[in-house]
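For reference, the structure I am asking about is given below.
Per-chain residue numbering starts at 1, and chain names A, B, C and D are given in the order in which the chains are listed.
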Amino acid sequence: MSFNTFGKIFRFTTWGESHGPAIGCVVDGCPPNISLSEKDIQIDMNRRRPGKSKFTSQRKEADNVKILSGVFEGKTTGTPISMIIYNQDSKSRDYESIKDKFRPGHADYTYFLKYGIRDYRGGGRQSARETASRVAAGAIARIVLEKLIGKKFKVTGAVTQLGILGCNKKNWNQKEIRKNPFFCPDKNSVKLWEKYLLALRKAGSSCGAIIELRAAGIPVGLGAPIYSKLDSDIASALMSINAVKGVNIGAGMNAAFLSGETNSDEIRKISKNTKFKSNNAGGILGGISSGQDIIASFAVKPTSSILNMRKTINKKGKNTKISVKGRHDPCVGIRAVPIGEAMMCCVLLDHYLMNRSQCG
Amino acid sequence: MSFNTFGKIFRFTTWGESHGPAIGCVVDGCPPNISLSEKDIQIDMNRRRPGKSKFTSQRKEADNVKILSGVFEGKTTGTPISMIIYNQDSKSRDYESIKDKFRPGHADYTYFLKYGIRDYRGGGRQSARETASRVAAGAIARIVLEKLIGKKFKVTGAVTQLGILGCNKKNWNQKEIRKNPFFCPDKNSVKLWEKYLLALRKAGSSCGAIIELRAAGIPVGLGAPIYSKLDSDIASALMSINAVKGVNIGAGMNAAFLSGETNSDEIRKISKNTKFKSNNAGGILGGISSGQDIIASFAVKPTSSILNMRKTINKKGKNTKISVKGRHDPCVGIRAVPIGEAMMCCVLLDHYLMNRSQCG
Amino acid sequence: MSFNTFGKIFRFTTWGESHGPAIGCVVDGCPPNISLSEKDIQIDMNRRRPGKSKFTSQRKEADNVKILSGVFEGKTTGTPISMIIYNQDSKSRDYESIKDKFRPGHADYTYFLKYGIRDYRGGGRQSARETASRVAAGAIARIVLEKLIGKKFKVTGAVTQLGILGCNKKNWNQKEIRKNPFFCPDKNSVKLWEKYLLALRKAGSSCGAIIELRAAGIPVGLGAPIYSKLDSDIASALMSINAVKGVNIGAGMNAAFLSGETNSDEIRKISKNTKFKSNNAGGILGGISSGQDIIASFAVKPTSSILNMRKTINKKGKNTKISVKGRHDPCVGIRAVPIGEAMMCCVLLDHYLMNRSQCG
Amino acid sequence: MSFNTFGKIFRFTTWGESHGPAIGCVVDGCPPNISLSEKDIQIDMNRRRPGKSKFTSQRKEADNVKILSGVFEGKTTGTPISMIIYNQDSKSRDYESIKDKFRPGHADYTYFLKYGIRDYRGGGRQSARETASRVAAGAIARIVLEKLIGKKFKVTGAVTQLGILGCNKKNWNQKEIRKNPFFCPDKNSVKLWEKYLLALRKAGSSCGAIIELRAAGIPVGLGAPIYSKLDSDIASALMSINAVKGVNIGAGMNAAFLSGETNSDEIRKISKNTKFKSNNAGGILGGISSGQDIIASFAVKPTSSILNMRKTINKKGKNTKISVKGRHDPCVGIRAVPIGEAMMCCVLLDHYLMNRSQCG
């Protein structure tokens, strides 16, 4: 069982509610003797935290990570790394007006029916605030992989579709991603996206997004058939992120439309290096990494906490209406980029260690 | 770890290679006192087995399941149910010509690089033959759920896209699915699909498919946050099926294109029953079932074992070409229907039992 | 894998080092809607904490538990319960003199060789301080079981052997256990034990102990064959406690000396109640609880951190001698009583929930 | 969960009942490219199988292992190894007379109450017949460890106590163990044990035993704190064997009686080799192997299926008496030797692979 724990060898357990005193994460199975500091982890934390632009939630959270264990004199010791992030700006009063109603498309309905108890403060445990803990775990996984594999290892995410607006992936520019508030890889799309999102917010509405993840430098052989396939674990990891409804590996759903010739990536040996002529497989064959870049993408549905009035029921089962005020992201998909990267890093490290045990 | 084991409480372990003496499955965690016979399981087995029409592999396999343990006087005892399926028509000679080459888009490349050993007979363990074991496990899960939930419980799968040809989902007809060799729910599409597939086969090519799964009668509350979400486990289960490259829950990847208003399924109380005005969520909110039908779909890539010549390398790392003769399915996606249903049934039973332990 | 996580459905993860800022515990899988407060947990914490008598370590720790998540308005919510205990009296300087030497019989040797790094401050992670976290988890398990089973449920531990001195188990008195500093159930033994332990401490030596655990009110049917047997899980749980070297269920090692007639506990029906004429089985048959009291005992070896000079080697592999000053327990077995109880409660709750999922 | 599966990385799942058509085992996580044949496994199987002497059950079983998967051209492939052992001599009629009664001290009582169904044929799943599958898995683990560690690796078990009769462990002779039907390491004890056991059998009674296991050549560093300690996993493994009631590591329960000086094993460096002056720790410190021999022992209770009349109840809850005829071992402890060895080999390989993943 793994209700709040992710991973098999490199494992992390997250805890905490949106409006409790703190949230946090215990990372277990981290190899010893890896240099690690709070500062290293903070880099990824800052990419996810809210309140940085007008396009994400205005909740102000420094999201400072504090390490409580597992690191001694600047190095990991092989024991669990406990991290804590205190909640600062948690205005519970924002939620008074909706504490007895269910938001359509939101987990508050199913949580209440499952558990028979409701922590209405900001969604409690089902809040996307939980993902801050994942980013902390993912930052550690990234650092460990950089040590084990070397600097060629790199995981990058970007938003490639913002609601109805796509970007041109041929213009993919790694540096551009960090420059705009949308993690958009295509400079030309940024202006339009800005206008679109401001208009949506003004209209009290929201939109979804598609995020693409690319992992470079992955050795061949990661992935354990049949039920710990690398793609199967990536799918599980990404689908566990709040509001995600679809996951693709390589060509993904589009693979259905291709012919066998087009889809299968031809292999060539070019001066001792194995090269593939395309990457429809997304770097994974039979659940095992092929040495190509791992490519995965996932869709995030539009925020369900919107200003526009919607029909719903309340805790007593009466019909009513709801309009959610507050500081919600008009597109939660944007901040899903560092979360997706974090999950990808964790899956890859997990499989790296697993492969070492089996075929080491 | 769970290399060849799937599930948490209701668990199954599969074993066996495409061309070994037999394949099989051990089901653990099945509740006691459920009526079960080989005949019950055979119904699902027959839906998956090859050689039934000219549109699937011509390999002749009766796929008769034999129960070796766990059932006493017609009832499950709570102990492991071991099932064996003998391989009958395994022509290893078919594979002689490709035993030293790698099929582009096929797992034989990554298996060899990971394990340093190659069972070239029909793909060995990575063959889709393994899925027969899953169907046997899924048949048991289905029977147990019918007993626990009642007859309103029903899992149905259908092919909704065959290569470039879709079907009209508005014509979805449950009975039609069992009548045509494509598991197509739309009678009007069958003829065209026939022609298309015969043409593809004649051309030595192959195509992909999209399969949609619908589960009815699922109680509210199944799914355990955060890392055992129902949708997360469904994604993992479906992505573990051979050749699957994408998984959608409800609106899936299309959720990215919807507005918050359109996407969120409004809730109404109509004479004591909770009704949703749409089902973009696919019956899952925050990883927990909402009481609506569970809807999931997945894409299967085109068969990589095709007659048409492709560039590749051999075991020695030399450039070469490959053309795969043999009895391959022109569209492996078709036989993925009962496999997808089986995985869905297993995930649902697993979560049903899990929920009973937590909120029982 | 479960390096720092214990349990299958009711699971806890502990973290923290003896001399870091804090230690803690994340409890996952706790059923919702159970009344729970820090005060409830503190009762068990106080029974374990050091510095209460001259017979245990003089380290002063309030061991105040703070709940950071998982409880809302006084009730569990079904989400992870994170608890933190700040370290207060951690005199790292005590350890300067031995930071490069290994204590014979102590884990500092194996930890260093395994991980290649040494947190010499009070044993770091291998310190018995970790067990405070277990007691916190066990306190929750106890409270949950009292709610689920009712007040007839009771787990009690006692020291029945202190070094070479046994007690008379026929004098077992539940109330007496809480009155003396040794958790001794036999009033008549207390005086002698006092003298013995003071003499040992004065001599710079230490001694071992045997602890017996009794669990009453356990329903029949807990335990899942074959590899999740109740006794198998109890053995694993108790052997995981620092310094434990042996575990008995019921007659335990002595079962070897009994005849079949003497050992097997005869069964009688006395006015609708099933009664056993003895309890050599310790309440467990075939790994499943029989409805009798669960009886388990375990041996704790003498503290290896002693004043008396011992031969050893240092980090550089040179021969040397060691004498450990500091505030160590002359008999760590004494404080193992609440720890043993805690582990027993956790195993029992885990199996209670497991059984509900299977045979619910 | 792991009802019928043992292990974390090297895992095996057993299935089958005493009187069903067959029993078997699926080994998962076995490293690839290890030479393996049925003949190799049969060596250990033959040591456990019944009917070899008048001191064990007269049931005649060849216990021939057949490998169904996971081995190709004489080598493991990294995929699951499925093994089957057909039941031959299963006289169900022996059990007719007791099918409605419960044997005191036997699992048939608890199984029936837990599952509500009874496979009365020879104990069904709770029969010690299941252990044949473990021996098959253990044989593979032993072969893999011999390959990975080298020939210095050796696991040996012996009976050191037969009922009330001990042997002189100072006379421990490795070769002697294989010469007598008791796995007794002390030649001088054999005659007396023979007389004793024949007398017991004649009297319709039974006795218990203590088995000691010694593992040589184990590298330092195996064992993963805190809840996957090597000793914790050994305790769990041994306690899972039918009829085991106690487990000791090194000095075991006797550690309670030792002083700190006597118990802690002093360490010396003698010409570059680390030597310990004693081995009370049984080769494990803080849950991690120290490089010394691993020493564990366990007690097996006397057979509960005895001829002598005992009081009990039947399925309807009526008081009655029982006398069990049939072909039972007068001391099941004897055949527990190869089973104990098998479990030890499995735990050691599991931790060997686990350590490679973490500190590789």
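Operating definition for what follows: contacts are C-beta pairs under 8 Å (C-beta built on N, C-alpha and C of every residue); 3 or more make two chains touch, one makes a residue touch a chain.
Computed from a predicted model, the values in this text were never measured in an experiment.
Seen from the Cα centre of chain A, the chain whose own Cα centre is farthest off is D.
Annotation: A-B is the more contact-rich of the chain pairs A-C and A-B, by number of C-beta pairs in contact. For the pair chain A and chain C, the distance between mean C-alpha positions equals 39 Å. Taking the mean of the C-alpha atoms as each chain's centre, chain B and chain C sit 46 Å apart.
In terms of their C-alpha centroids, the spacing between chain A and chain B amounts to 27 Å. Residue positions of chain C with contacts to 2 or more other chains are 1, 3-5, 8-9, 14, 29, 32, 78-79, 114-116, 125, 225, 354, 359.
By the touch criterion stated above, chain C contacts chain A in their complex at residues 1, 3-5, 8-9, 11, 13-17, 20-24, 26, 28-29, 32-33, 68-70, 72, 75, 77-82, 84, 114-117, 119, 124-125.
Remark: chain C residues 1, 9, 29, 31-32, 78-79, 225, 353-354, 356-360 touch chain B in the complex.
For chain A in complex with chain B, the touching residues are 1-6, 8-9, 14, 102-111, 113-116, 125-126, 130, 161, 163-164, 200, 205-210, 220-221, 223-229, 231-240, 242, 245-261, 263-269, 272, 274, 277, 280-282, 284-291, 299-304, 306, 308, 310-313, 317-319, 333, 354-355, 359.
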